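First chain written, first letter: the chains are A, B, C and D, and each begins at residue 1.
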């Protein structure tokens, strides 16, 4: 009998406590963010979409090896010896003519392993995340440009000792987009 | 409750004559409460489950075959996708295994960051575990309250590592990014609000609730010997009273320097080892993790900040050999058995012993004689994630 | 008890059955003859000096290039009372690997052995219900062997991924979004 | 009904000359039809209210997209449900499959006939009104079982079996709780019961025999919750175990019928509860009963019913769900003894002349109950407000 009573009393007491809590939450502010109108800004490090600055790419293929899902494809061949020397933004000379640099974002697993080994930091992840498309083909990004304006003067030599990005921690350049 | 078939027949017939024929009920791959893609083949007589046979493999993504075709750092994004609810723990386990193989000792600052991140991930993972368990019982509100607070942890993770669920944060020999400045203050705000409001509310609203207690406190009782024999680990074993926790007994990453209690089931509302106890241990562990994170934050402020990728080798090529390293993931002991042949860049063999795999192994033992509603409670209390079971 | 004492005690009881030992590895192991594994396991569990009541992990590794090419079944044991670990190994030929099951000693082995059977093809004699655990029941072959080749189709479904976007572009299809010098702004924002 | 009858005779004098059975059926049909359409609009409001309340309780916003603050959401849902194709799975007994939801809906709407919305606003004043209401609500059980059996799906079979057991075993405590009220009033007709509670809040049935009638009200409400399958007794359609119980296979119009039946059943149960215990269409203070010529009877009754519905929704988003055998335990071993004890005690009290019409301290007790309910709620509300303000200040820092 007593066990029946304590069961009954516990049942009522805990139900009332529970109801008090849900009642209290009726008056606290809701946390929903109504997406298309209210929008939250992603922190700068968030890894959303890959972008590659074609002018700085020296075609080394480090990112192709680092990618665990093999979704970066490069085709580059040697620049003819007599062509004008060109440099990347941070002063490394570009010896290869990158014919094709494609990233298949539909395969990419957004792990950001490819941006670290890149010597000229031309490949980095931007915070742009609303690139859903109806056709998978539109996720296949082709970064190779035919009309690229390469730097014909060595920026390192011209501006004296340009502080090259510290080799250790890969500070990601702030994204223009 | 004597099951109907044992009742005596009277009138001289045997009880078998009254036996109703059994029904095979498929709690199929798409079922709202199987925590993922799991098929349970239940032989039921009315509501009572006579025999249960789990079928897994629906989410098998050949992790171990992938691990043989990718280089050592490339495996980390794959380990994140094992137990996708607590992916910080998986990559930490794999990274420590390879570091032990290569003999790398990471700087104390990085170790503290790893402990901080692992414990935050434990709070987030237990929040999902307890929340979905409440939802299986029908209480929908605690689940959303816990998810609301889990979002705050995910914001912290996104702020540091860049991703909200699959972080690829723990690397072999270090972490991918240093903590952003202002992280400590935001983390402390979260901890204060969690300890002051969310945790007590969860205790009152769900765990203290009499209906929840009645639904879970007498079923699925798992004695310790059966737990050890079937290799249950983590909260599933500690719910049965064992106080074995890898963070205390085989400390890694400097866990021995933090003071926290190992919580185990005390049998408050029913026999020790019942479904309630396992869930109760998870609730207590969330509070313990908050303490650890606080200590880690205090240490980080006093410690000198060494660069986080100092010990990251340019090319990870461990010497020939093999190692089996266990870490205390939120769901139990997550073991990585890494075999290196010393020649190639890719690991020769990576075997993951996932805690949910063995937890599911004991399911058919506990499920006999249960009602269907209890089968759902049992799955919820074992807190399984199918990504880790099927690998 | 450290590894040397464990090994000495085991060698005393099963001298000839222990084929090889490696003491200097990170987790030192003992190789046991396949037919003796059940007794060694039972001894490891019941002997008070060992008390290995927990099978942490049972996995298999395929060594096709070693001389005699073999599959290794690895048993990682742990004792909750004495807090020490031990690794046992069994070498089985790659053609018809057969190992007696240790499910009687540690019930946890049930699912591990089913997985090794499923992915490596090692049949465990005396196992209570040896079925494929991860792969569909009518799958041919054992994927985790080193000489495994992905079949193209399984019941009409693609196993190998269909032609990737890159191959189609290489074949000349006009696919993909062209070069853009600036990160394209979010389409929904404006 | 008699209002319609007089109206008809004034408009068309020959109406009175028709045979009696014809005119009465016409009047009942007209008034019943009006009442049914009014009540049928209810679910649209309740679904919206439920989604909004559950949202605010869970710190989210609920439907906001369709119409301002999501007001048109339920209308959009009903249109979608009506337009959706009602799929009949292959080997389903079509006749039972269709008849099930119809019976459930009739079960829910049948009880409307005797509900006294106002002093003269009642379709038919049966002198066995209460018996009729209980009979109607048990009709829907037959519909549930038909639906569960016909959809030829193991889960809905389980759902149907569970709902049959649940509704049958919860009707007994419900009827016993009604019995106490009927004993006090002495008549089964709902209008009589309401008239006996005239004269302000202290004469309401809830506040007579101070602690006992509260217990009777609690027993009746719990049993009413189980009647319309609401948490913590929503086992027949337990999402987490039985996918969706008896209405798993239904889609489109039939699913809408089930939904409407559930919410109408909730409205009927709360109206019956307020008629029996909270003084029906009587205002708490006699002065508020009339504003000028317009009688506020129906408004008060619907307000009380909606308050009870809000409490039902509040319970739904707080409590987990009971298991089937615990459900039976609560019905047979908790509610039934309490209800039986109540009927015996109140029967005895009625016989003793001293306590013929209530305990001596009855008139002073209703402020105690009101305070016991209002004070903690207001305190919790203001505490939440203050915490929210402090929180905003903290975040602004």
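Note that in this section contacts are C-beta pairs under 8 Å (C-beta built on N, C-alpha and C of every residue); 3 or more make two chains touch, one makes a residue touch a chain.
It should be emphasised that the depicted structure is a prediction, and the values quoted were computed from it without experimental measurement.
Between B-C and A-C, more C-beta contact pairs are found at B-C. Centre-to-centre separation of chain B and chain C, using mean CA positions: 22 Å. Here the spacing of chain A and chain C, counted between their Cα centres, is 35 Å.
Look at where the CA atoms of chain B average out and do the same for chain D: the two points lie 43 Å apart.
In this assembly, the C-alpha centroid of chain C lies 60 Å from the C-alpha centroid of chain D. Across the assembly, chain B contributes 141, 145, 148, 205, 209, 211, 214 as residues in contact with two or more other chains. Counting partners per residue, chain A has 15, 18, 21-22, 25, 31 as the residues that reach two or more other chains. Residues of chain C in contact with at least two other chains: none. Every pair of chains meeting the contact definition is listed here: A-B, A-C, A-D, B-C, B-D.
Residues of chain C touching chain B in their complex: 25-27, 53-57, 59, 61-62, 74, 76, 80, 83, 87, 106-108, 110-111, 119, 132-136, 143-144, 148. For chain A in complex with chain B, the touching residues are 7, 10-11, 13-15, 17-18, 21-22, 25, 31, 42-43, 45-47, 65-68, 109-113, 116, 125, 168-169.
Those residues of chain B that touch chain A in the shared complex are 70-71, 73-78, 80, 141, 145, 148, 151, 158-163, 166, 168, 176-178, 180, 201, 204-205, 208-211, 214, 307-310. Residues 54, 57-60, 154, 158, 231-232, 234-235, 238-243, 317-326, 394 of chain D are the ones that touch chain B when the two sit in their complex. On chain B, the positions that touch chain C within their shared complex are 56-57, 60, 62, 64-65, 100-101, 225, 228-231, 242, 244, 249, 321-324, 326, 333, 335, 337, 339, 348-349, 351, 353, 357-358, 360-361, 390-391.
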